[in-house]
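Common to both upcoming complexes is subunit A, partnered first by subunit B, then by subunit C.
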Partner chain A sequence: MATVTSDNRGLRLWTRYAVLILVAVIFVFPLLFMVMSSFKPSTQLLLDSKSLRAFLPVGDLSLQNYTDAFIRAPIGVFVFNSVLVTGVTVVLCLFVCSLAAFAFVFIDWSGKAVIFSVLLATLIIPYETIFIPLLLMASQLPWIGADGFELGWLNTYRVQIVPFIADALSIFLFVQFFKDLPKELIEACRVEGASWWTIYRKVVMPLSGPVIATAAILKFLFMYNQFLWPLMVVQEESIRPVMVGLGYFTDQLNVPWGEVMAYLTIITVPVLAFYLALQRVFIASVASTGVK
Partner chain B sequence: MKTLPILAGLVISTSLAGAASAQTDLSLWYHGAGSANAEEALVNELVEEFNASQSDYVISIETFPQLAYNDAVGAAALAGELPDILDVDGPVMPNWAWAGYMQPLGIDESLLEGFLPGPIGSWNGEIYSVGLWDAAKAMTTRKSTLEKYGIRIPTLDTPWTGDEFNAALQTIAASGDFDYPLDLGMAWKGEWYPYAFSPLLQSFGGDIVDRTTYQTAEGVLNGDEAIAFGEWWQGLFEKGYAPGTSQDAADRETGLIEGKYAISWNGNWAAPAVVEAFGEDAIFLPAPDFGNRPVIGAASWQFGVSATSENPDGARAFIEFAMQDRWFTAFSDGTGLIPPTRSAAADTKFYAEGAPLEAFYGLSEGQALVRPVTPGYIVQAKVFEKALADIADGADVADTLDAAVDEINEDIENNRGYGHN
Partner chain C sequence: MATVRLRDVRKSYGSVEVIKGVDIDIEDGEFVVFVGPSGCGKSTLLRMIAGLEDISDGTLEIDGQVVNDLEPKQRGIAMVFQTYAIFPHMTVRENVAFGLTIAGASKEEKERKVAEAARVLQMEHLLDRRPSQLSGGQRQRVAIGRAIVRDPKVFLFDEPLSNLDAALRMNMRMEIGKLHQDLKASMIYVTHDQVEAMTLADKIVVLKGGKVMQVGTPMELYHNPANLFVAGFLGAPSMNFLQVDVKEAAGDRVVVGNGALDPLQISAEGSSFRAGDRAILGVRPQYLDPSEDAAGMLHGQVELTERLGSETVVDIGLRDGSSIIAAISEDRVLKAGSNIGLTFDATKAHLFPHEEIREEAH
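The block that comes next holds the complex of A and B.
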């Protein structure tokens, strides 16, 4: 009986790994295609796309696409802009949204339930539907800067950051996570005379690693993939983000696919780096909360 | 003693600053960011020379990727942030003029004498934009191919008739020497469809919209001539004369040169590679005449003045500065595009007498017809593209064209006729 059980366990293990490898391959293939194609001339890339050669480092391989891509577009500027805008937004979003969630969960105030419901309702409104009024507002907002008082936020970093600092999804994630923290802990702190700010800073946030990672990754991906908004509000090349920069690789008729793949490979690096940095806490968060 | 030089320096720097501020800043938006050819560099050179040529205006350029350019202009118009000088695609210009993005150009029209029709952007009786170049299409093939199959080499004066063209395709297809006798460029999407294929419809006697009023497509996009065109179009794919909508993009680029196709319906921008591959054997032939007249598309990117420009005189001065043969020649030599005047063409390396692409100038001069000059074109172009793709894929011709007419007419009605006089 012991031998049979062991065989079954081995078979189950093999089956499980086979399925996992198959799923991994399905997810990895598009990335593999992108990276492999970035080393191939456009013509070969298109011909290879009809077979498994598309995923293999075969044929006429070179770094020419990367050289050409850097000539065609100021990729370093675009990546810097995207990382800056995304990084600042993520940090501010984590701070503002966690504070809001803290107020919703731990502090009693009238109208809390109604406001939270309204906030959740905004989740069903796509950003695209509010971009036009947002654009009109942004073009008239006041600002006091180095040049004194001025009207209009267009063509700035702040117009790419400020509208996205607070969002319902991040607040919702923090609220769900904070609800699972032991209430007794917070009450004990209050009895000891700790202020709300101290409890937020020294008790709640240090326990919130998983939700911080989840919210940060989701926000990072949303911000890094921004296209329509920066397209509408940014006219200067020096502050354009990576997704708008993708347009440099197409014209009316011809697309240099090899250069496109090289560009995509380059701009994927910050995303992968960010994910790998937070991977452990992100997986822990998914495992513990079921939030994806 | 040190005070005097300091004061003198202050006076001089203040004077210089005053002189500098006397120049008016103008902005120009250009669509070609990332373009692999010399066009962007030439636009920069043009602006630099204009800035150096006078002391009243200083133009600064902002470049946009073409993919996003029209949307960026739309957003800027909404926010009141349009530049002084706009770069605009010829067929899109009426829409921008109608939407209030642009103002009539008001330049000295004598500068436009001898221009090809394509680079002049007119709508409702006003000129709104002017281009420094045009583009043309031709039936591109090898002289030796036609001679091998005993096919007459057509000329601008005596192009192939529809029957001749069909017979040529049949002969080449029967030889089995090529994958397809004709490459229409079905792998290219978007504006290529109306630009390249509506001239074939027009040659049959149909059109995308009725140009007498621009208020309906009824009778022109679904009339007898249009249905005849649609059936011929569908036949090209059913008979295996041309690759359909699933054409490989790589084949579109190299199929003619690699011997997969015998004839390619392509633009002058693709011609240099063909000349390089086939030398004097390469020939560029006029569009066939399917009964109405032979037609090719026209119009490319042009410069205009935004409606909100506070310095239209400066914008006009720049555009007039650009209207010189030397610039037309420089752009043509740099990009391979067709100069707008014959006098400029005579000095270009591609379009001068005896030059390899000379035929294209004659085609632009003799066969060009601009796409429908209406603000509704941007919708009509997409409807036309879908209809032609559906017919190529086997959809019923009459039903598809009727549906396209309904969609175009509904759009015209929804936009209250698009403001045509």
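The block that comes next holds the complex of A and C.
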């Protein structure tokens, strides 16, 4: 009987591993394909893609694609732009959205239930549907810059940042997390004489690591992957983000696939770095909040 | 230290009134316990004093000043919560000093006061630990420490011991009592545990359904409960209640009896019993003296005896079908099934109008 049980256990373990490996493979293979292809000449790449060789480091491997990619497009500028826009947006988003959520959860004010419902309702509106009116608005917005008063936000960093600072999903994530913080902690702060700002800064935010990580990663991915909006509002090369930069390679009669893969590999690095930095907190928070 | 006065204090949530006009006077340095069953409004009342709940009507004075509309921090109070509410990301030292930090106290002052509180609460060795490394009792000490360092006018305790196990609870109860003796501060303490109320309080306020049932010293409430509710709530085991008929009533003197109770003359001051009324006779289990020779005023049969060590509790089925409990000294033995008679001192029995039974049901 004992052997049967242990066999069962072994079988179950193997099945579990098999499923996990299969899932991992499904996720990893496209990345593997991308990285491997980035070292191959375009002709070989297309031939290899018909067989398993596509995923293997075989054939004529070189860094030529990378050199060519850097010649074709100002990749450094694009990556810098994307990291800047994404980084600033993430930081401002975390600050603004957590403050909004704080007000929704801890402070009593009339109408907050209605406003929160309206806010959640905006989740079902895709950004793409509001991009045209947003574009018209952005072209007319005033700004006081170095040259004094000016009109129109097009072709700036701020037009890529400001519209995305506050979003319903991030506020919702923070609200859900704050609701689970013990109410007594906040009450104890109030009795001790802490201002709302102190409560936010000294107690609520230090306890909100998991939700900060979750919101940050989701926002980072959303911002880094921005394509349509920057395509519409940015014409100058010097402030263009990475996804729009992909056009330098794909808008060709003969697409240089090797360079495309090299470019994609390069622009994946910041995402990977950011994710790895927050991975531990992120996994803990996915487990605890049920947010994926 | 300060006085606290509540005058016709009320609290409503929409159309539902949960605190229905409460008047309480708390003197300087007094230890007052709000006690009552869950849902009686005792915690709400405490939170209203703390400023965590609005006062719908009436006035609340602390130290002679009406504080209805003041923020919690302006009221000069400190509060200890049932769940401790200490900050998990701060060390014990930072937790205790939290209020001082917010008030902008100097580093020396903070260190001095934290050290003093740690000495009083015997937790000097815990100061650099995090809350997750502390036991429940130690966490509660930290919460009390945080209250002490601010020298509040009034300490508020919201069921501070109910998350602790029985042994620790007794220990902490004594420490809180000692703390009150040392600090001589006004303290308001909420509990549903009548033992905590009896042992700690200078004055007990018994609440039920958002109303004050009785206010007095523990022994006043124990010996002269104003109504059936207070009589049943305080004392362990709780008071026996017998349904009796009023046989005669002449002024303060009333004669009662029932199927199991021989006619008994009892004094019922200020009452308006009339012959033929039904009434409730209350006798504490400790005052019942059973004897196996079946003599006595009350007749029944022993159903079960439970030895608690310090005393023995006897369940007795009475001749009229009701049952009562007697608490007798631990060395006495009564056999289950034996017929017994019980005597008691009529001056220690209480007579309540029968209507209160109905009120109790609400």
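Going forward, the second predicted complex is superposed on the first by the 283 of 292 C-alpha atoms of A that agree within 3 Å, B and C clash if a C-alpha of one lies under 4 Å from a C-alpha of the other, contacts with A are read in each partner's own complex, and residues count from 1 in each chain.
Basically, contacts are C-beta pairs under 8 Å (C-beta built on N, C-alpha and C of every residue); 3 or more make two chains touch, one makes a residue touch a chain.
These numbers were taken from a predicted model, which means no experiment stands behind them.
Residue contacts after overlaying the shared chain place A:Gly247 against subunit B, while subunit C stays out of touching range. In the superposition on chain A, A:Ser42 makes contact with subunit B only, not with subunit C. Of the two partner chains, subunit C is the only one that A:Glu192 touches; subunit B does not reach it. Set against each other, subunit B and subunit C touch different numbers of residues in subunit A, with B touching more. Look at A:Leu141: by the touch rule set out above, it reaches neither subunit B nor subunit C. Once chain A of one complex is fitted onto chain A of the other, the partner contacts of A:Ala166 are absent, as it touches neither subunit B nor subunit C. Judged by the touch definition given at the top, the superposed model places A:Leu99 against neither subunit B nor subunit C. The touching residues of subunit A, when paired with subunit B in their complex, are 42-43, 46-47, 68, 72-73, 132, 135-136, 138-139, 152, 154, 231-233, 235-237, 244-257. Those residues of subunit B that touch subunit A in the complex are listed here as 29, 32-36, 62-68, 71-72, 75-76, 78-81, 188, 190-192, 248-250, 253-254, 267. If you check the complex, the residues on subunit C that touch subunit A are 50-52, 71-73, 77-79, 81-89, 98-99, 102-103, 146, 150. Residues of subunit A touching subunit C in their complex: 182, 184-185, 187-194, 198, 203, 206-207.
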